[in-house]
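Common to both upcoming complexes is chain A, partnered first by chain B, then by chain C.
Take a look at the complex of A and B:
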């Protein structure tokens, strides 16, 4: 490792986001409600600025800061850019939705920016404490966001569940970390890795710690059997928040898996591989099969997330750079698909009406052929039908798992994807072959329509020309993991 | 050089862009823009092809990837171009004929409601064909191969309201499926055994596998190269309509005449010939495969010619003549005279496109009546069509100095010189074929352009007969009207008082432009193409084993001398007697053919049923598949798959889904419990204390 000692400059994007989040919180106090649009613009500019800073300070090498608490490597940069993009798109899609429901307030944007900061810290965490701090910053903001519509009983219930179970998961994670600390005497990712490499003292205790860490991570990702919160929170939270939880935060959780399992505990790969296999199988079963019985799109997408996480875990199984690159590709693809999918739901929602039942999509083709087509692309992509991005994402993770020799698992995964195709295609059937129950016009700001269209068409184009994105993922992994 | 390279990608792309614009926005754009846009695209492709051709004449060869589509398991799947003289020749021929057909179509499809759709299709075809010939690897070849097949399918069924057209395009599709299956197997074997799909890599490694044996069925051994070559050739048999996969081509005449000229005569059907010539380094490794090619070609050349004799539909005569000429090209391939095959491909593209477009012009003049028995004496009314058709026919039968003479005589001589098994039969077949060709070509010529003006007496009478005939052979497509759309129902065939008229200039100009190369190109091209080093390093011939080409060069003393010698040779005498016999039968004593038909009813019956290929396919393959399909559907699909597997699994999954849903109680302590259990499970699995 070429450890170059960076100074504060390394964390410049984080510092910018932090300052702007606080500034927005303050500014909101002095702003007339009619001028709230300014806050929206400032938030978007913050994300843009952070993206520029991340890009400008990018070097194809690993750099540490704050005495090794913080790392800036190409993987962090790529994932952070993914987070900015996904958050920015979320803000575009949710502006009208939040405005119509009285959530278009400073808190919303401040909380979103603080969550973004939490995710950035998770992505760049090189120390168990940094990672934990980022995770908690994110989680606490998310609990508040879920309950933002505080008069809504569903939302508060969801927030409560999320909080309690999240606390439990955090506790498990901390417990696991403490076990690891006990054995290795280090909290630093590279320190732990070095200690493990020089001969693991007590394998039993290590595995004990590992199980708890994996459980904590699995909770964040939403992998079975730690997925119980996902459907309830997705369903209960306002759609705008669901979209946020379902997209950007998964990138951060993914980064944490890389930092903890791949970088810190690579020596224990044989053990965590086994755990991931079990969780991947369970996630694919639960995700794909339970989704069939859902009548609510948000719930259906919750199960869809669980099954996608199952596929994502397959990428880790090969414990090879190629596999991690395909997992990175998968998570970014997943985020793009999720954004577009929730985007359509938000597009169809209006004041006093949540378009979150499957029936609400009936006859969409007659109401708006263009957006029906967009949703068709999203559903095809989620189901993994070529030539969409989802196909290529599934293809690469399956290929990496196949190379690692998990033939039976791959066959099983393909079967599960086949079962999953049913509920995605059912949406298509509703849109194209059923009569609409609701004929109200679709009203949305131009920027949202534009971004949504680009988002969905992007799934198609990236699916046909995936090489560039694949190259980026491979580059990020190769230059970050030794 | 590099600026030429950047041109390559545009040559196929421009027709594609034109096709996309016209195809997608054809309804919104004014009608005339359909032909302007596509003609501009194809004309640009043609001019660029000429540039590329000039460049290739200087000896420049480009072989490289343009775009990497996919890297999988160590194999690269690329879009790449190999542009050498063979490719450049094909590009010029394809774009030139395509351009002519585009212009011609303005006149021919003038009233058709699917005007812009038609232009979009033929431009798309040009793109596909260019991708096929420019490819530098098997995958792109296969892409082009399937793409031209697709467009052919779409165009045969262009008048999709006619049941016969739908029958014909389905037939073409299914028959080509058989060929393409062989082709795909061949490509797979190349990838599997030779480890690459790139031409250059495959050709350089192939000689190492010359003696490799493979065991496909336990207990038997085959030479790898023979298997690969025959499988690839099965693809060519489908596309280039060789016996027994030829059955789709006559029916493809259901499509509009311009595409019969472009796709089913000049370009697409020659894709198989081109492919085998391109693969010459592989075919040279297997004399067995070459013999197979030779015999199939010889059968096609002779027996399909016979069928041309009894056809009454003008387009079908030309169609059978195309089949027969494709057989000639295949014979040339079989005797390792690849350059001769390409040479004949080129001359044939010009004169056969000319004949087809001429036939189309006649059909227009006759108001979409295609029955030759209703024509006659058209030379008075359609002088340009008459002269150009005469030129086309003379070229086809191999009159010395005409282009067809040089290519066809070279094939006959090559067959004569060849020593490989089957060459004796092939020589006889191509020689006899000359007589047959001359006979049916001039039978058509005399019936159409000379004799009495038969539409006056028998126009509608014959037409009704046609309809009766049509009812008998519900899916046999030789009735006269081209449109069953109600709007066009009023005019097919001339009334007793109508007169045929010469076609508009958009039709006659292509005829004239095609007539020029039909006459001259053979004279100028034979020496460099066959005996010069035109195909040096491109077409590989093992002269020791397959010496026909060498002998041919030995006997060649210049194009003029060849023509002079041709006047006294056997093929010319045969051709002349064929013409004379046609004149005698159809001009002098029209009662004789009828008498022969009555006497030799068995032969006529065999020919009329096209040797029974169609009824055999219908009774054996079609009925057999329907029977098998019915049984599989009933037992396999309905009972096993639908009843047990699909509905069974669906029920099972539905039940599991309900169960999982019930687990989602909404109670927080249940969720926490599940998490704890999860941790507990992982611990028990992985803790080994």
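Take a look at the complex of A and C:
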């Protein structure tokens, strides 16, 4: 196999998603509105095809393609599978919602596929420019997706905010990268790592560059103090898009943190650890305390995301393989919980009615005991109460931080988790202790009901049998990071 | 017979039964849900009986052990086993579940299946707490128990139930999270979550003190000890009768049991070091909380404070470090399980008829409910620690134990015999005796056969263990001596 063949083989999933996204964009022009279901099916098949390709070409080793611009390692494969899964689940949950709001169009699916491609490139980027390109592809699609419901003033405003702040963050990231390039003379992740290892000439500039990169990453993850956009965008965007932003894209941002901080700048770990400690503390404070005051579930989940990111950062603090594996476990658990949480909100929404206030959950136990139970699992999982997946997610990051000796920080984190438990309990209170105000039946397609139930029950089952998922995360990290 | 996984059955039979009850659906099928729950609770009790019959009383270690690998990545195992301290509490749990299912038979008309299922699931989870020998397995059961209790108080509770249930949940969670940090710390020291591994691990005194404090936060809230007891009166008052019974009879014992399982053997030097502090808190609970109970106007609140005061005896007995105190404390835990359930059920009987818990709304109940009053007075006497009832045995042993340590401990502890009698008998006088207070009391009907069965069973147990407490003490004896031997050895690392 010559170099070009290898490059193409390695990037086969990306090529498939790219071709299909363009095909869908064209196909939509020639399709009658009544046949749009075909586009949905094609998008799901694309994701399935990409998943098959990623699995089939998987090898437990690191491979570089396109002259070191692109990497294919087990971590990339695992995270990509996570992205396909969460995107596919998002498409299942949002089909009815988008159809009722005039968003069930080719553009939606094309944009989702293009952003999936962007995420895949971010995950596999081995070069600062590749990473940046993936990030921009994702971000531009997301700006458009947030504004997709174009007659909605809230969405338009959210898209504008997201765009302005997002562009600023991308600028910071790029600026940081340019400083790093100035010092190390390389834009390649392993090139930078090697240059830093052989002794960095100018530590001051390096740290300054690092600050910009960390700020840019923190913005994309939604960690405090760069979290300002999160509640507004989560609230303003159509719930279908909020769900997408809240789930799959976090996996890609996580991958970027691994590539930039862990792989390229491991030598500077002492410097970025300090920054992450501050961001973790601030995220947990802002996320947990501000969430208490929210009356809108989407805003509440936005703050909950911020606090989850705070916990996620704890996993990076130990700067050990154990820590990265726990962070990987945390991000995948977080995505599963978020999908199910937004799934319930989408389930309760109907034409002309967004079930996005906490009051809309009132008496859900009387309206539908089954879905109330599903949401109960999601809420306890987010609060980290066993026997749900959320418990093991928190457990793994806490043990890694404690291993690294951050005792006070861990105690602080569990106290914040306690505050967090309050607002998750409040959701349960609305569902179980209050009488329903809204008696309309819950209508949803069978596939959505089925996937949602599997999703939520999965949180319970994975909470009792977490070993497989832990193994996958440990495997991905051990075989990808030296 | 013994190759059956009895502990797993004890845990999972009620949980599975609970989910089956949930499957009966809405209130259309309420009778089915009730009978299924009753069958589940009887089966749940039946599978725990072999624990008593096949228990080897000469062996102070863990019996009926089951060991399966669970999460090898962190060396977490599904490891179950019981000793002489756990077995009586497991039997108490499965028995109380049966009582609670019966007690909610007619009273609960709203969402019956969910109510019954919550108690069955909770029963399995609590037996899990008593039998887990792996710290994370234990922690999972310990926390999971909060979920059904949270729902029980919140759905079927009184007017202020939301406040009470959230307070209950957050209070308990606070302590538990610190305990989790302690477990993770111990894991990094020993690379294991095996509890017995922690017993033999040397630890510095300051580490032991920190670990003890983390455990203390978790268990003291649960027991509850003064001054972290404030969730209990709220939770008890708002909870439905069944919820109060389970809280008082079993949930409080989880805290007491956990002191014996974790805090004391893992940090023996810290336990000795802090024993003065623990005894002081216990005595404050015994004396001060008894005085608080005296002024309560609400019957359930009065019993709640009386529970805290009685649990003060339990912690006092633990930290005397002598066999009398420790065995007395264990007997006290079991006996308090029966007496407090009976007391709450008695209030429940009145509440179902009058819809009031205020002492002032009653008077002269004996005139309309003579049979019931006979039971109520018996339980009140037991609560006051009358000789011949199970309430006496535990208190007497603990007082004897404390005389050996310090006369003044014994003196303060024995004031409970006066205060306990005062608040209980004064309540009895105001509620049951005297002239018929109002038309509502005049219209009361005496207990039916179901209520008679429940109260009768409890009365037999209260009197039985009062006259012949040997079955409990013989079971705990070997374990208690082993624990005390272990506690006598220092775990400080030798230099």
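Definition applied: the second predicted complex is superposed on the first by the 476 of 482 C-alpha atoms of A that agree within 3 Å, B and C clash if a C-alpha of one lies under 4 Å from a C-alpha of the other, contacts with A are read in each partner's own complex, and residues count from 1 in each chain.
In this text, a residue touches a chain if its C-beta (ideal position, glycine included) is under 8 Å from a C-beta of that chain, and two chains touch if they have at least 3 such contacts.
The shown structure was predicted, so the numbers you read here are calculated from the model rather than taken from an experiment.
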item: Partner chain in contact with A:214 - chain B first, chain C second, else both or neither; value: first
item: Touched partner set for A:269, first chain B, second chain C, both or neither; value: neither
item: Partner chain in contact with A:467 - chain B first, chain C second, else both or neither; value: both
item: Which superposed partner A:286 touches (first chain B, second chain C, both, neither); value: first
item: Contacts of A:432 with chain B and chain C, given as first, second, both or neither; value: second
item: Shared contact residues on chain A - chain B and chain C; value: 399, 467
item: Touch list for chain A against partner chain C, complex; value: 365, 369, 376, 380, 385-387, 391-392, 395-396, 398-399, 402-403, 407, 410-411, 414-415, 417-418, 421-422, 425-426, 428-429, 432-433, 466-467, 470-471, 474
item: Touching residues on chain C, where the partner in the complex is chain A; value: 25, 70-74, 111, 114, 136, 139-140, 143-144, 146-147, 150-151, 154-155, 161-162, 165-166, 169-170, 173-174, 177-178, 180-181, 184-185, 187-188
item: For the chain A and chain B complex, residues of the former touching the latter; value: 160-161, 164-165, 168-169, 172, 203-204, 207-208, 210-212, 214-215, 218-219, 224-226, 228-229, 231-232, 271, 274-275, 278, 285-286, 289-294, 399, 419, 467
item: Touching residues on chain B, where the partner in the complex is chain A; value: 68, 72, 653-654, 656-658, 660-661, 664, 666, 668, 670-672, 674-675, 677-679, 681-683, 685-689
